[in-house]
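Multiple structures follow.
Note that subunit A is present in both complexes that follow, paired respectively with subunit B and with subunit C.
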Partner chain A sequence: MSEQDTQLPALSRAGHASHCFRFINGLPAAKTDLDPSRLAIAFYCIGSLDLLGELEGRIPQAERESWREWVWEQQAGGKHGTGFRPSPFMVAQGGPSAPPMANYAHCDTPHIIMTYTALLTLAILRDDFSILDRSGLLKFLRACQREDGSFSTTPGSGESDLRTLYCAFAISSMLNDWSGIDVPRATSFIALCRTYEGGYGQSPFCEAQGGTTYIAIASLGLVPSTFSQRLTTSERQKTIQWLLSNQHESGGFCGRTNKDADACYCFWCGAALKILGAGNFVDARALAGFIARCQFKFGGIAKAPGETPDPYHTYLSLAALSMYPPKTFDGDARPESWTFDSLDPLLNARIGTAVWARKYIPAV
Partner chain B sequence: MRSPYSLQRKHGVKRIRQTAQDREAKRQREQSRIKDYLALTNVILTGKKNKDWSEDAFNLTTRILQLNPEFYTAWNYRRNIFAWINFASSHQGILKILSEDLSMTMTALKAHPKVYWIWNHRRWCLENIPDLSESDPNDNTWKKEAWDRELFVVEKMLDSDPRNFHAWDYRRYILANMPIPRPPASELAYTSRKIESNFSNFSAWHQRSKVLSSLWESGDLDESKSKEKDRNIWCAEFELIRNAMYTDPNDQSVWMYHRWLVGSSKSCLLVIAHHLIASVRECHCCLSSNNFNVFNIGCMESIVCYKRMLIKDHATDVDLAMLTRECNGMLQQLQELDPLRRRRYEDLVGTLLK
Partner chain C sequence: MSTPAPVPIQGEEPTIPLFAERPEWADVVPLEQYEGVNPLAPIMYTPVYKDATNYFRGIVKIGEKSQRVLELTEAIIRLNPAHYSAWQYRYETLLAIDAPLDVELKLMDEIAVKYLKTYQVWHHRRLLLTITRKPAQELDFITRSLTADTKNYHTWSYRQWLLAYFNDEDELWTGELDFVDAMLAQDVRNNSAWHHRFFVVWGCGVREGEEDRERVYKRELTYVKQNISLAPNNLSAWNYLRGIMEHTKTPYSTVKAFVRPYTLPIDPTSVDIVDLENPPPTKGANLPCPSAIEFLADIYEQEKNTLEAIELWTSLASQHDVIRKKYWEHRIRDALEAART
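Coming up: the complex of A and B.
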């Protein structure tokens, strides 16, 4: 069967934009457990609008301004440096009237993953970063790094695995200042997480997983050449092989051996392959076909066909398509719905956003 | 994550349209729940700020963590209260409180089996169980019992979701830290049980590889003995894989584990590789002769992988030209049989020719 035989349906860009817009405006009670991740949810929503090219056309400037202000309200400085909190709930009597640089108390500390998503969100919204506390940020990174080289989500406590390490690397890269972290110690932790399968687990001894493999590969890709941490040829080949073996017959990618395809792994595995220079081995049209089937009728993209959508899977699916736009044919429903600007796989941002971040986040 | 806008639809049941009144009533209920939750959050954070270590404050953290186990500040606050009020009391008292928390988090885990903060709190409870009974300094029975029970809990979690990697990671943590360690052979037996109940459970195969590796490293299973002289363990391992191969040759777990077993001993690669190629070939022929119209991709990929290993690491000991020809042939076939990875196979042909 040739590529042309399976018709590609349309990508419902307007529907997905609406889905994200609805989530930005509020989450229902059933979503209470997302309260400690609000900044991340905001990133997935705003990021999706950015990838769809809907930000400036559809969202009034006043609204985009209010989003920028809301993100800055989460910046907090204190004993362990400065970062961004997940949401206003961390401040007892804070909220919209809290000053831009609230002080945090013990255990109300900023969160490293939220700090990463905050910086990207502000770059998407084209902030000039004039009120970013850069030295505080470096202090915060130092406070989060552990003996074994990994990073905890909050200084001194919280889970510490490869995800937080990536955030520390991405923040340092955007700052263009690596003095906040001990790079050799961190890269030795990455090496400990590598498995015989060729992928990387969340921590040493864990099974290889698509998300953490992306994180390891992207982290190694972000490290400046002075630290020269590269995979050997044979390691690189093994990782490519493992990643490719995760492209399922449905066209989507799985996260681990013998699991089902999930739209978010289209990004995690796809981006890792791109960074390793093996993007041309991915069947982009099959990937798009799978994501097309994950679309929810009323907007948003779900993890698998028939499931309910959410901003996380929506954003990552669109990011995957930005790296792997499918070849389209006349017989396809709406070929133009599948065009995207390129994405920087290392930072996980549209190229324009990545360029902006690297220009305005570093100190002058 | 479920969208708030998803419509309930069950098989064969018509979608029930809600009236405007129903929707409004639902919205009011939601608003009220959100308002209560936010009010509770505010009370707790204020209490924390004012260093309120009372029992009332403790009970409030219980309430909010039931509503939202991801609220990590509340977990931190709860542990602070413990430290303040309980650790001044007797070992018996501490044990009672920690046991209650282990029960409470058990309920939370059933509903939220992948929330880090719950697993972390359990670790904290375990690590704070007093070492010794005050009355008998040689008695660490309750500590031993608590850790044994924990292993039982994690087994139940793995029965319910055998791929939950939080649970597998927690299991490794318990085994590494139990007051009286379990013999590795018993863990090997556990992985056998999990694998035999489902060959597709790659997490169990993965755990098995970890146990065998640590046995080899510690010298309990001397690698050279187990692989060359003491063939029993080695043969038993390959027999297990052969069973899995024939049960479901499309199962990725088997091929992945097979490759680990081969790759884990470089010194014996030549001997093992020939043996493996023969057994995989046998499987491949068996599938073809049983009227499987599709050549098994897993078999073919593995054969190519081992032949490439031989070409790379034992070039002087093999018929290089023949092996290269065979690999090329199989890679051409794989391009037809596995079109998703066609370009990768093309690239490998190119590498072989260099």
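Coming up: the complex of A and C.
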């Protein structure tokens, strides 16, 4: 069967943009568990609009301005340095103290994952970062790094795994300043997470998983070559093989061996392969076909066909398509709906956004 | 006719009075949440959640750590198990008032199974265990919660963390291989169980009675071969096979005779032979098996038998593993290049 035999339906770009707007405007009480990660939700929504090219044309300048204002309100400083909180979920009425930057109280410290998503969101919104507390941010990274080289979500919390390590690396890379972290200690932690399958687990001893494998590979890719901690040829080869084996016949990727395909792993595995220089082995048209089937009729992309869509799977699917735009044919429903700008797989942002981040986030 | 008794709806919390209505909380000043102008992704909280978090902000502000704080944080966790600040403050309170941690673990048994996919549930448990240092009963709890979700990543990670953290307690480890057997008997394609086997046998030190690594390798080789023979199209088992061979630096070629029958179409005329060294594919297996073809091609490549390897890769690219067509074509090009130089 040749590629042309299966027709590719349209990608409902307008529907996906509307899905993100709905989340930006408000979440029902059933989504209360997103309270401590609202900034990440905002990033997935605004990031989706960025990938869809819907930001500048469609959102009035004043509205983008107010979004930025809200993100900046989450920046807070204190004894562990400065970072961003997920939302004002622990801030009492009366508002953040001492503008332009709040001082955080106990149990309301900045969160390292939220800090990474805040910087990217602000770059998407083309902020000039003039009020970013850079030295406070470096201090915050130092406060998060643990003895074993990994990073806590919040200073001293002890909740740590590879996700937070990637955030620390991405923040250092965007700042173009690695003085906030002990890189050799961190990279040796990454090595401990590698498994016999060729992927990486979330923590030492854990099963190989697509998301954390991206995290490991992207982190190693972000480290400046002076710290050089590269994989050996055979390690690299094995990781590529494992990542590729996760692409199902359905076209989607699974996150672990023998699991079902899930749209988010099209990004996690796909981006890791891209970083390893093995992107050309991915069957991009089959991948697009899978994502097409994960679309919800009224907007948004779900983890699998027939599931409920959400901004996380919507963003990561669009990011996967930005790296792997399918080859289209005349017989396809709307070939132009599958066109995207390219994506920086290391920072997980549209190229223009990544360039902006690298230009304005470092100290002048 | 009698009225039927109201049936509780599954998943719904029993209604408790608002903290604002309870006299024993009257001394705490509730603090409403701040929302900036035009918030992003605001949540339409229920009155119950608003009430509980108002009192939580109030409590954190005055720094109170008492029995009633445990009640308050439990209420919040049940409404939103991802509320990491409530978890953090709860943990600090437990320590501050020297609360009995076995009671806390009991409560967590119920909460963890309910919210298996929440990071905080597991993190809290780890913190408790590092203090109680009583890991033995934990294994039963984990086994029970894996029944609810046999591939839950957090649950498996917790088991691995627990075993590694209490690495010296040999008796803790004694049942692990039987446990893996039981999980694989349920589902031989459960990769988490295969991974756990690798972790137990190879990944975290050498247990008592396992010092003879040669013997352990042979045992594991027999184990994985038998599992492949019963269900050949199982990438988890093939990965385990590769894993133990690489770990012990055993050349792939030593299992060539075992692998070959899996790379061929099923032979309907074959008779049942019992070959413990090289168990053949079970009757009715879907053959040839792409993982076996890939394995045999790797053996040929290592033997510098390029032509035979290329033949196998070609069959993967064109027939048995078309989705990775470009990758197999790349392997062919690479091998040709290597042969030329």
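To be clear about the criterion, the second predicted complex is superposed on the first by the 358 of 364 C-alpha atoms of A that agree within 3 Å, B and C clash if a C-alpha of one lies under 4 Å from a C-alpha of the other, contacts with A are read in each partner's own complex, and residues count from 1 in each chain.
We adopt the following convention: a contact is a pair of C-beta atoms (placed from the backbone, for glycine too) under 8 Å apart; a residue touches a chain by one contact, two chains touch by 3 or more.
Note that the structure is predicted; figures quoted are calculated from it, not measured.
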Q) Based on the superposition on subunit A, does the combination of subunit B and subunit C result in a clash or a fit? A) clash
Q. Counting only touches as set out at the top, which of subunit B and subunit C does A:286 meet: first, second, both, neither?
A. both
(Q) For A:358, using the defined touch cut-off, is the partner it touches subunit B, subunit C, both, or neither? Pick first, second, both or neither. (A) neither
Q. Touch check for A:310: first (subunit B), second (subunit C), both, or neither?
A. first
Q: Classify the contacts of A:236 with the two partner chains as first (subunit B alone), second (subunit C alone), both, or neither.
A: neither
Q: Could you look at A:142 and tell me whether it touches subunit B, subunit C, both or neither (first, second, both, neither)?
A: neither
Q: Figure out whether A:159 sits in contact with subunit B (first) or subunit C (second), or with both, or with neither.
A: both
Q) Now for A:73: first (subunit B), second (subunit C), both, or neither, which partner does it touch? A) second
Q.
Quick check for you: in the superposed arrangement, does A:24 touch first (subunit B), second (subunit C), both or neither?
A. second
(Q) Output check: A:45 vs subunit B and subunit C. Expected answer is one of first, second, both, neither. What do you get? (A) second
Q | Contacts on subunit A seen with subunit B and repeated with subunit C across the two complexes | A | 27-29, 31-37, 89-93, 105, 107-108, 154, 157-159, 195-197, 201-203, 205-207, 209, 244-245, 247, 249, 251, 256-259, 278, 280-281, 283, 286
Q.
Under the definition above, what is the set of subunit A residues touching subunit C in their complex?
A. 23-24, 26-29, 31-39, 41-42, 45, 63, 66-67, 69-71, 73, 87-96, 105-108, 153-154, 157-159, 195-197, 201-209, 242, 244-245, 247-249, 251, 256-259, 278, 280-283, 286
Q: Give every residue of subunit C touching subunit A within the complex, in rising order.
A: 31-46, 49, 53, 57, 60-61, 63, 79-85, 88-89, 118-120, 123, 126-127, 151, 153, 156-157, 160-161, 164, 189-192, 194-196, 198-199, 202-204, 234-236, 239-240, 242-244, 246-247, 323-327, 330
Q | Residue ranges of subunit A in contact with subunit B within the complex | A | 19, 22, 27-37, 89-93, 105, 107-108, 154, 157-159, 195-197, 201-203, 205-207, 209, 240-241, 244-245, 247, 249, 251, 256-259, 278, 280-281, 283, 286, 296, 298, 300, 308-310, 312-313
Q.
Quick check on the complex: what are the subunit B residues that touch subunit A?
A. 1-6, 29-30, 33-34, 37-38, 41-42, 45-46, 48-49, 67-73, 76-77, 80, 112, 115-116, 120, 163, 165, 168-169, 172, 200-203, 206, 209-210, 251-253, 256, 259-260, 263-264, 339-344, 347
